[in-house]
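Below, each structure is written out as structure tokens.
In the two complexes below, chain A is the common chain; its partner is chain B in one and chain C in the other.
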Partner chain A sequence: MSRPGFVLEVDRSTPPILFHHGEGFRLERLPAGSRVVYPAEPVAPLKDPDAAIRHALLNPVGDSQPLPSLLHSGMKLTIAMDNQAVPLPPMQQPDNRQRVIEIVLDMAAAAGVDDVELIVAHGLHRRQTEAELRHMLGDRIYDAFAPHGMLTQHDAEDHDNLILVGRTEQGEHVELNKRAVTSDLLIYVNVNLVAMDGGHKSTMTGISSYRSLKHHHNVTGMQHSRSFMDPPNSELHNSTWRMGRLLADAVKIFQIETTVNTDTFPSQFAFLQKREWEWSARDRASYFGVSKSLERVPPRIARSIFHGIKSPQKMTSVQAGEVEAVHKITLENVHRQHLVPVQGQADVLTMGLPYVGPYNVNSVLNPLLVMCLGLGYFFNLYRGKPLVRQGGVVILSHPTRWEFHPVHHPSYIDFFEQVLTETTDPLEIEKKFEDDFATDPWYIHLYRNSYAYHGVHAFYMWYWGAHALQHVGQVIIVGGEPRAVRRMGFKPASTLRDALEMAEDVVGRNPSITHIHNPPIFLADVT
Partner chain B sequence: MRFIGPRFPLGKPNWPTSVPRPPVERRTGVDYETEWSRTYPARVARAVIVDDVLRPALRAIASPTVHGADRLVGLEAPAIFVANHHSHLDTGLVLTSLPERFRHKAIVAAAADYFFTTRAKGAFSALAIGAIPMERTKVGRRSADLAAELLDDGWNLVMFPEGGRSPDGWGRAFRGGAAYLSLRCGRPIVPLYLEGTGRLWRRGKRFPKVAGKGEGVHVTFGAPMWPEEGEDARRLAARVERTVGALADEWSTDWWTARKRASAGVTPALTGPAGGAWRRAWALDADATSRSGRRSWP
Partner chain C sequence: MRALQFRRNLPKYAAAMVAGGVVPGLGARVGPLRLADVDEPDLPGPGWRRIRPRLAGICGSDLSTIDGKSSRYFEPIVSFPFVPGHEIVADSDLGRVVVEPVLSCLPRGIDPPCSFCAAGLTGSCQNIALGELESGLQIGYCADTGGGWSTAMVAHESQLHAVPDAMSDEAAVMVEPAACAVHAARRPAVDQPETVVVLGAGTVGLCTIAAVRRHLRPGTLIASAKHPDQRKLAVELGADVVVEPGEVRRAVRRMSRSPMVGDSVGEGAEVVFDCVGSAGSIDDAIAVVRPREHVVLVGMPGRVALDLTGLWHKEVRLAGAYAYGQESTGERTFDLAFDLVRDADLGRLVSATYTLDRYRDAIDHAANAGARGAVKVVFDLRGERNR
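Showing the complex of A and B:
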């Protein structure tokens, strides 16, 4: 049985704590009295995932009939699925999506359904390459559907293929992929990595248009999402739920959600997931070997090594049926793996950031993504109240190189050069710059035809951290490239000790410190 | 001067004082896992060891003679073989004396605190003689459960119910373990009497003596014993002990005399006379004199 997460009180006997640091690691000694939040160990996976999927499809939850009875010859069936932003790192084959969709397609074939289209629900993310699609869906699905144009990637700027379903009472436009909305049945297949994913958010971000997305992807919404990892208290989710219910009235949706455990890294990186005092001689040797060799290779090589990692995460649950009933069970399963009770807030929150976030699979974690990963995702991994107090300090550990992937993140470069040089205030940025970037024809062209994130996506990265920026007094990045760090309005520090000293200027002497120990990820239940 | 090892991560990490240490998972003693030794490849290896190494070696050292094997005709496996215990030769002797249908599916209950103190010793014992660890200093559910499970699975069990080799040449009272297993699993106990092994390699000696002419050891099988109606483990153990005593009597006198003495309840006890240590040693020596014609003491 996996051990639950817990909070370690650091004392003189505590060994140095592992910090992720981009494509490397650091062992840092935290001052006595600091607290380290350790995640739970990976929960046991399903013994027979395929049987569990079949069982879920035949025994749906909520107001839904078993899948085979929803399938009939002559119908129009669309299967949408999460893109490669989840899980992280990409999981070893077979991916949950491949397993689920193969079984769904088996049933569709048995029912004689001819008109089937698969849509990768990218939202405003970049398109995936053939290799990435093959990894996610497997060769069988790719070879059967892609050559006939029946495996498509959602295009939020293809206005001929978008349709306005309606407007909510709050005036939110629900504009989605036409194929999905005009189908007799829309099946959505997700991988619920964290509590933020899934539910109505899947369709409302994955197959919607910019016009639709901006109702919940905005600064005010994010500032009122406390946190966006806790759907009942998240404005992001309130909005997507309102919009999703409108869609559910218009289209028959069959939602299939899966959860994975936190077995994040393969055995050669086993030390990353172990508690330091339990490192065996082998763990210490692999830590030493890996970290020393990573120090000696150029970042480009280190990055390609890390992005080659496929995680051994395994399916822990699968449920299908009506969206909200399904998502309720999914969240229980996510919480079963992720929740760690933590008492009280700290003056300083420290975290080591890894090389990968949802938006840089096979790409560069540029400074904006560092901000988004630290102040967006990690900061928001709480339920109740943030791990750091109002006006406290967040210390991130990451190299934060001034480096962008020109193909994947073109608008990020301009955001960094043109927008952040003027202001770092999310509200002002939204008001002054968002429209220009979102409607820029060149970015739209790159998004539709190349492998670029949408022009507005860089803004969303900044908005994702808006709640943290509003909440904390200062952000310090340990080991970050000073000019890149300063551009974002943060402070660079070369060591953790320096950073803690700098933090004392803001929060006073002898601050209380909480450290987020990752990987794997968790959700702090702060009381 | 105290040697200070390399620091973490080169050296071992400290264990934080606030984190309780999990109980160390013991992998030796009674917790040694012997399942591998009952896999087919290990059984083949053991058959080779018992038949082609142990048997010729024992023949060279101890020149054993087997008596009463005919008493096992018609007995179906599994059974519990119990014998008196004087020497390290005993286990090999019992194993190599067992009829073939028992021999290659036999396990030996071996002292967890002696044969399984290290993983290497445990592996050797498990492979060579099919040993399973048996708790002898306290009552252990684990070892009893394992033995019962294996009996139910069709494995024959060799046990020495005295709980160790004789310290003084006399036998010791039989413990109830074998009887308990017999009752629990409903399988018979086959008593054996081993004579002379203590003479060749008694407790405390590093190496065995090679048996000279006429000094060979003797293995006597008794008739299989089934638990009687209403008999408990303690009574059954005592009955087995008396039967082994009768087998000893049978070897030193003759079958008819031994039967008569057993019926009259006057079979000499394996445990020897009561009294001080010197008197027991004296009696043992006197007994030895009667057969070898030599007094070794004083």
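Showing the complex of A and C:
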């Protein structure tokens, strides 16, 4: 049985604590009295995931019939799925989506369904390459569907293939992929990496248009999502639930959600999964070997090594049927893996950011993504109240190079160069610049025809941190490129010790400190 | 009189070229520029007056000369030894005056004048090496007139513009660079263009921003600036968007909402003013200008290596903008420049003054002005002995 997550209080015997630092690591000594929140060890995976999938499809939850009884000859079937933003890092084959979809397709074939289309639910993310699709779905699915145009990637700017389902009572437009909405059955397959994912949010972000997305992807919504990792207290989820219910009234949806454990890193990086005082001689040797090697290679090479990592995480649950009933069980399974009780807030929150987030698979974690990962995702990994007090300080550790992937993130470069030089206030940014970027024909062209994130996506990165920006008094980045750090309105520090001294100017002498030992991922249940 | 004099001395010029190539402004320490007691220049003829500089600016072209970077193009149109300084406010028997330094047909006593001077286009005078004076395109490059970096010099009465009492010396010394900017802004025959770009935010760039805002009235003015103080001033003088030099292509692309064609902006700006004059800035200018539209070289470019394929392919109109004279509306550029200096408060661009004794410090400051938060560095002659 895996051990639960817990909070360590640092004392003089505590060894240095591992901080992720982009394509590298740092061992940092935290002051005595600091707290370190450790994730739970990976929960046991399903022994026979394929059997569990079949069981879920045949025994759906909520107001839903078994999948085979929903399938019949002559029907129009669409299977939408999460894109490669989850899980992180990409999992070793077979991916959950491949497992689920292969079984769904077998059932569809047995029922004589021949109008089947697969849609990767990208929302406003970049399209995936053939190699990325093959990795996610397996060669069998790819070769059967892609050459015939039956494996498509959702295009939120293809207005001929979008349809307005309706508007909620709050006036929210529900505009989605026409193929999905006009199908006799829409099956959605997800990988629920964190508590934010899944439920109605899947369709409302994955196969919707910008017009729809802006109802919940906005600054006010994010500032009122406390946190967006806690759906009952998230305005993001309130909106997507309203919109999703409207869709569910119009289209028959069969939701299949899967969860994974936190067995995040392969054996050569096993030390990343362990608590430092339990490192074996081999772990220590691995750490020093890996760290020293990474220091000697250019960042480009280190990045390519890390992006080659395929995670050994395994399926821990699968449930199918009506969206909300499915998602309730999914969240219980996510919480079973992720929840760590923490008492009280700290003056200072520290975190080491890794090389990858949801938006830079096979790409660069540029400064905006650093902000989003730190102040968006990691800061919001709480239930109850933030790990850091109002007016406190967040210290991130990451190289934060002034570096962008020109193909994947073109609008990010312009946002960084032209928007942040004027203001870093999310509300002002939204009001003054969002529409201009969102409707720029060049970004739209690159999103549709190249491998670029949508022009507005850079804004969402900033909005994702809006709650944190409103909450904290200062953000310091340790080891970041000063020019890039300052552009975002943050403060650079060379060392953690310097950063802690700087933090004292904001929160006073001898602050309380909490460090989140993440990844592997956890969700702090703060009381 | 005391003057900074630039003599023909090839070994020292070579030394300045090497030193200036390593550290901008270092040419003042090893090159042919020296502080000397020299005879006051004689009055060359009727209509000439003796004037005594109060403030004299250090211009980018002066720095190029001092650091040995000047183009050989100038060899036949300067005469040695000369006293640099062509941005001048001075005392004269007419009161305070600003000098319009171009040595065209009239000061040279050439009658009838060349066709350009006859049309008021004195900046294009073709007789700058002829007539009663030694060669010299302007005061500050002519052995017979002296220049602003001294306590006394001569100027033709046609070159003198009275300074209003209300205008400070600091504002008046900005009239000459402002006139260059006004002339540049008036160079392309366009009115209220959608997008204009000004590359560079030194003295020339900032004056051009102010001139473009008032004379071209563009929808959007995008400027590039290296340093924080320059960025602030660029906005104050009329730029809508200010970006770092390496960001200008993406900024123009976004503002024009056009595609990129390779490294070149598809639609781009109607007019681009290059106030830097480097290969990189001209390359940027050609990349961001709209096909068939205007690139104006305001900064003195010198010898640069360029790939002109884009210029050819986009049918770009490349124009120089030198000096001043009479604009197409019949107005004299200097009159417009006085208005610009007053309206845009360009006197604030004078950041530091130096005595002649400290000329090496002055040159060093001017050569590194942007990085040191300065714009225009001037010599202050008001307290000099023998004045």
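One rule holds for everything that comes next: the second predicted complex is superposed on the first by the 527 of 527 C-alpha atoms of A that agree within 3 Å, B and C clash if a C-alpha of one lies under 4 Å from a C-alpha of the other, contacts with A are read in each partner's own complex, and residues count from 1 in each chain.
Rule of thumb we're sticking to: a residue touches a chain if its C-beta (ideal position, glycine included) is under 8 Å from a C-beta of that chain, and two chains touch if they have at least 3 such contacts.
Bear in mind that the values here come from a model prediction, so they are computed numbers and not experimental data.
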Between chain B and chain C, positioned on chain A by superposition, is the outcome a clash or a fit? fit
May I ask you to name which of chain B and chain C touches more residues of chain A? B
A:Leu8 in the overlay: touching chain B, chain C, both, or neither? Say first, second, both or neither. first
Is A:Asp230 contacted by the first partner chain B, the second partner chain C, both or neither? neither
By the touch definition at the top of the document, which applies to A:Thr421: first (chain B), second (chain C), both, or neither? second
Thinking of the overlay built on chain A, is A:Pro441 touched by chain B (first), by chain C (second), by both, or by neither? second
If you stack the two complexes on chain A, which partner ends up touching A:Glu175: first (chain B), second (chain C), both, or neither? neither
Between chain B and chain C, report the minimum C-alpha distance in the superposition, expressed in whole angstrom. 43
Which chain A residues come up in both lists, the one for chain B and the one for chain C? none
For chain A, which residues are in contact with chain C within the complex? 413-414, 417-418, 421, 436-437, 440-442, 445
Under the touch definition given earlier, write down the residues of chain A that touch chain B in their complex. 8-11, 13-16, 27, 275-279, 281, 284, 287-288
What residues on chain C touch chain A, complex-wise? 241-244, 247, 250-251, 253-254, 257-260
Interface with chain A, chain B side, in the complex: residues 8-19
